[in-house]
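In what follows, chain A forms one complex with chain B and a second complex with chain C.
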Partner chain A sequence: MYRLRFHGRGGQGARVASKVLGTAAFLDGYYAQDFPLYGAERRGAPVAASTRISEDPIMERGVISAPDIVIVMDETLLQDPLTMPVSGIKQGGIVLINTAHSPEEAKVEYKITAQVLTLDITKIGLDMLGTPILSTLAGGVAARIVGLSEDSLRDAVKKILSEIITDKRLLDKNVAAALYCFNAITPAKIELKTTDTIKKKSTVISVPFEPATVSSPAINATGNTPLRMTGNWRVFRPDWNYDSCTRCMICVARCPDGCILVNEDGYPYTDYDNCKGCLICVEECPTNSLGKVREVHTKKVIGK
Partner chain B sequence: MAGNGEIKEDGGKGVKDMVMERIKSIKDIPPEENMLPGTPACAGCGGLLALRHCMKALGRKIVIVNAAGCFTLLTIYPYTPFKNSWLYTAMACAPAGAQGIRDALDILIKKGRLDPEEDLKVVVLTGDGSAYDMSLSSTSGAINRNLDFYYICYDNESYGNTGVQWSGATPFASKTGTTPPGRICPIGSELAKKDLFAIWNSHKPPYLATISPAHPVDLINKFKKAEQYKGPKLFIALSPCPPGWGIDSSYTVKLAKLAVDTGVWALKEAVFGVVTHTVVPKRFKQVEEYLQVQGRFAHLFKPVRQEAALNKIQEEVNEYWNRHKLLL
Partner chain C sequence: MRKEMLTGNAAAAWGVRLAEVDYIPVYPITPQTEIIETLAKWISDGVMDSRYVTMDSEHSMLTAAGSASATGARAFTATSSQGLLYGFEMLYAVAGWRVPLVMVNVSRGLSSPITLEPDHNDVLAARDTGFLQIHCETCQEVLDSILMAYRLAEDERVLLPIIVNLDGFYLSFTREPVAVPDVEQVRNFLPLYQPKHAFFKASQPMAQSAAVLGGSSYSYFKYQMHMASQNALAVYKEVCDEFETGFGRNYDTIEGYMLDGAEYVLIMTNSFSTLGKAAVNNARERGIKAGLLRLRLVRPFPVADLKAAISRKKAVAVIDQNISIGKGGILHSEIASCLYNEKHRPLLLSFIAGLGGKNISPDEFEFIINKIVTGVDTEDAGTAQLIYTDKEWQEMGRLKRMAGKG
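For the complex of A and B:
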């Protein structure tokens, strides 16, 4: 059995990716299971989804804590202490990271002991679909890694997407992009060093009833969300051209997150550690002093 | 309303003795941020922008009582964007939670354990699912008891946090997770949006207003005006929601402006039940301009134009402004 976990951000398509993979596996004659890990559904928030694929009926249920394969659809999640995408990955397993880096660079950068593959899926998404929604692309990559057929992938993408979108051209573009990704990687061989057996001991933790003073979490800090570095969410970054800026303060008033600050000379600038890249400022600036450029995240850009 | 940038009201009972400076432009917005960045709200969240300005107007000496919804995730263990205290309640009972806190503060002051200078404003924060539906009765009770509190409803016209389901605030013909346009019902939601302003205003609270994230000056002035009243001070902010409304995250403010410019969202206030419009467009834009840029109304235009539904929406907007004798 292969156990896969997809990690992405809300809106990127991790849930649909796991579904495309599960469906393709089913069409190839395997038993398959796919399901999202429901948290609060919100764009940009970390989300996870899982797929199990097996030649025999699958009796296992629930979250996959020891995956053979992890697909990291958003590189910045690797630094998020609340997500930890590669946790539990088996020795010899495969981590595919959506990044412009080479596998060697990524392996060192993120201190990953498992095998690492990389592909700039976001770029492919932007080039082929015009949006950074990566569900079918990540599904395509995963289908190749586990060794499914191209035909089943094509049929799975068509089946799943026709349930969600009505635009035929967009559907065709997704099929093409999924197949492109399928063929863009050379999968490594999964070389598990341990035999995979289901744990005998129950992993269910029983939580005793506690009075509210103990059991309800209380935060005794104030204003500490900037530690979460939502700058990692950006696909595009607002880019300033101060020649035409009149210091009108409109951008400052329009930023939902309060990420546009003002310097001593009265000029606005972006707090890139936290700016989520909504680009309202670009849309609202009356003098076109803001443009957008594709963001490439590395560990060093954020929080330097 | 008095001239030279001041508001002085003596509209009867419960008026606190205070004079407040009105602000005139975006440049006058207070620079202090009372809600910090890094929250899990979606990129481009219109509700968050409205809240950011509300927080500037309210200051830091407040307690937020937040019913379940997108904004309960702003403060998620162990992080908070606020400088003030915050309490989480179930969806139906944030105003009841506010009553408890208000009472506790009053008792502490009375017993001399809290300096009256250190008193806090109690601020209920909920989505439309709470305000229009689940907590309608507890809010009615709180207004009726003349509880001294603020209520901010960020209205994204759906149960957003759980993935965009229909709420009592969902407008006619909108697509939501539970009102998908299809063969049997091609227009999406067949029900009209509840008029929460009118429902709340029937209680004649001291202060009630609609606000918009695209009109921060109007928003802040309304909070300043509200400050002088003891009792319920209620705000409803129409809040464009990129995933729920099917718009690009960069388009939130444009859409909030369009809502006002087309007459879909009337910016107004009511003092002890008497309604005044605060922003009236000089020339109203066609409602279609507002509808056609949103994914949740796409089915009204493609594959075939649903003329009857589009006319009905425009007519209802016209009827509203005619009724108030403001349609020029």
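For the complex of A and C:
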């Protein structure tokens, strides 16, 4: 059995990617199971999805804790201590990262012991679809890594997308992009041994009683939300041209996250630590003083 | 018939579509909403001919669904956890009307603290209402159980509403291959509902659900419901046989996995049973004669089938994915009461596991199975135990510190 885990951010397409892979495997005659897990349903929040592919009926459910393959659709998640996308990856397994880095660079940068493959899926998405929604592309990459057929991938993308979009041209572009990604990587061979899990056995304990000062679901600590920078979610950063800015403040009023501040001279500027890159400011600016530049670098998640 | 990858929710929607339901009042709640969204889309696309109404709460939704059922329409609705509890008053009311409503509950742990993932305190809270309960392990079973539920509920010997239960996330959002039967095939199995006792006809007026005082009438009506529920055990077997003849899949009141020749038995319900079956395979590889019994029909409780299956086993561990605060595992209590007067009865152990969707890992199952074996050796069932690991305790410590709990 192959166990794959996709990691992305809400809106990026991890859930649909796992479905594309599951359906492609099903069409190739395998038993398949896919399962997404997300908490708050909001854009940008970490999302994981699991796909199991097997020649025999699948006797597992839920999140895959020891994957053979991990697809990291957003490389900023690699530094998120709550997500830890490569946790549990088996020795000899494969981690595919959506990044502009080379595999060697990524392996060092993120201290990954498993095999690393890289592909700038975001760039392919922008070039071929005009948007950084990467579901079918990541599905295509995964289908190649596990050795599924191109025909089944094509049919799976058509089937899954026709359930959620009606735009035939966008659907065709997705098919093309998925197949492009399918052929863009040369998969390493997965070299798993059956005894490769290095995880420690967990022990069942007796949970002791604790008084309600501890055991009621109340949070006594002061809020720590400001420590959690959301700027690393950005695919694009708003880019300012102050020559034409009239200080009309429409951008300040329209920013949904309060991330546009005003400097001493009365000019607005972006709080890049927290701006999620929604680009509403770019849309709203009446003098076109705001443009967009793609982010390719990663930043720390928790404040310095 | 065709096979495709469906979530448990989509499988539920297919069951409703194939049952050609007339009326669907709805109110959304995670992790159920995909069911009613799917039905809404089909009705909007014109591939399904039903009346679909969005309501202002689960209380109104259940009232509308039960009332529609009392006019003779085939009705469906769905909810989960907090929603089920919000409509709770109407569960008893609708069951008392003796109407064959079928409702899906997608299990989710109850607040507080609020959560999203499954355990069975929600659906088991409804166990005394008069609703029959069918609990499902697979997406296929969800679709099939809805068809079987209408047959069972609409049978004159039963005429009680039914809850079909599936686990949130672990089944509701999990896709696996599901065979979708043809509608003609379903029509052969599930004919049109022909109400004889509760319907809406201008020429035959009736007042349903009269008020009673003094207790003797009340006792009569309540006990009739109980007997109808007991009748459902035999009717279920007929429905089960006919379903197997038509569709080739068998769903008895209980499912035995490696139960023949087993000395040690795990009892579970719903989707985590799959994990239990894998644990049984592992135990067998270690030379331990383990088996698993999955309770499918929870109301009426399949007492005779259960006794026949386990009374001569060495030991049974009930893994309750629920907790009755102040007592322990709900199903453990129910199973213990079935066995008390038996001449031969197994040692009965109690475990609480998988609350709020907590995973039960192979290591944890191994712990449970070892406990059963040592329990037999020492003739001591021990006390009920929460299945919780050292790693989870460490993580809980980290969260407590983060929350400022010292």
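Note that the second predicted complex is superposed on the first by the 266 of 304 C-alpha atoms of A that agree within 3 Å, B and C clash if a C-alpha of one lies under 4 Å from a C-alpha of the other, contacts with A are read in each partner's own complex, and residues count from 1 in each chain.
To be clear about the criterion, a contact is a pair of C-beta atoms (placed from the backbone, for glycine too) under 8 Å apart; a residue touches a chain by one contact, two chains touch by 3 or more.
Keep in mind that what you see is a predicted model, and the values were worked out from it rather than measured.
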Partner chain in contact with A:Gly62 - chain B first, chain C second, else both or neither: second
First (chain B), second (chain C), both or neither touched by A:Lys123: neither
Contacts of A:Lys173 with chain B and chain C, given as first, second, both or neither: neither
Partner chain(s) touched by A:Ala221 [first = chain B, second = chain C, both, neither]: both
Partner chain(s) touched by A:Asp271 [first = chain B, second = chain C, both, neither]: first
First (chain B), second (chain C), both or neither touched by A:Glu283: first
Partner chain in contact with A:Thr23 - chain B first, chain C second, else both or neither: second
Chain B versus chain C as contact partner of A:Trp233, first or second or both or neither: first
Chain B and chain C contact sites that coincide on chain A, given as residue numbers: 41, 217, 219, 221-222, 224
Contact set on chain A toward chain C in their complex: 19, 22-23, 26, 31-37, 39, 41, 58-63, 65, 201-207, 213-214, 217-222, 224
Residues of chain A defined as touching chain B within the complex: 10-11, 40-45, 217, 219, 221-230, 233, 248-250, 252-259, 262, 271, 274-280, 282-284
Residue ranges of chain B in contact with chain A within the complex: 26-27, 29, 31, 33, 35-46, 48-49, 52-53, 70, 73-75, 77-84, 161-163, 213, 216, 242-243, 248-254
In the complex, chain C residues that touch chain A: 4-5, 30, 112-113, 116, 169-171, 173-177, 271-272, 274-275, 277-278, 281, 357, 359, 361, 363-364, 367, 385-393, 400, 402-406
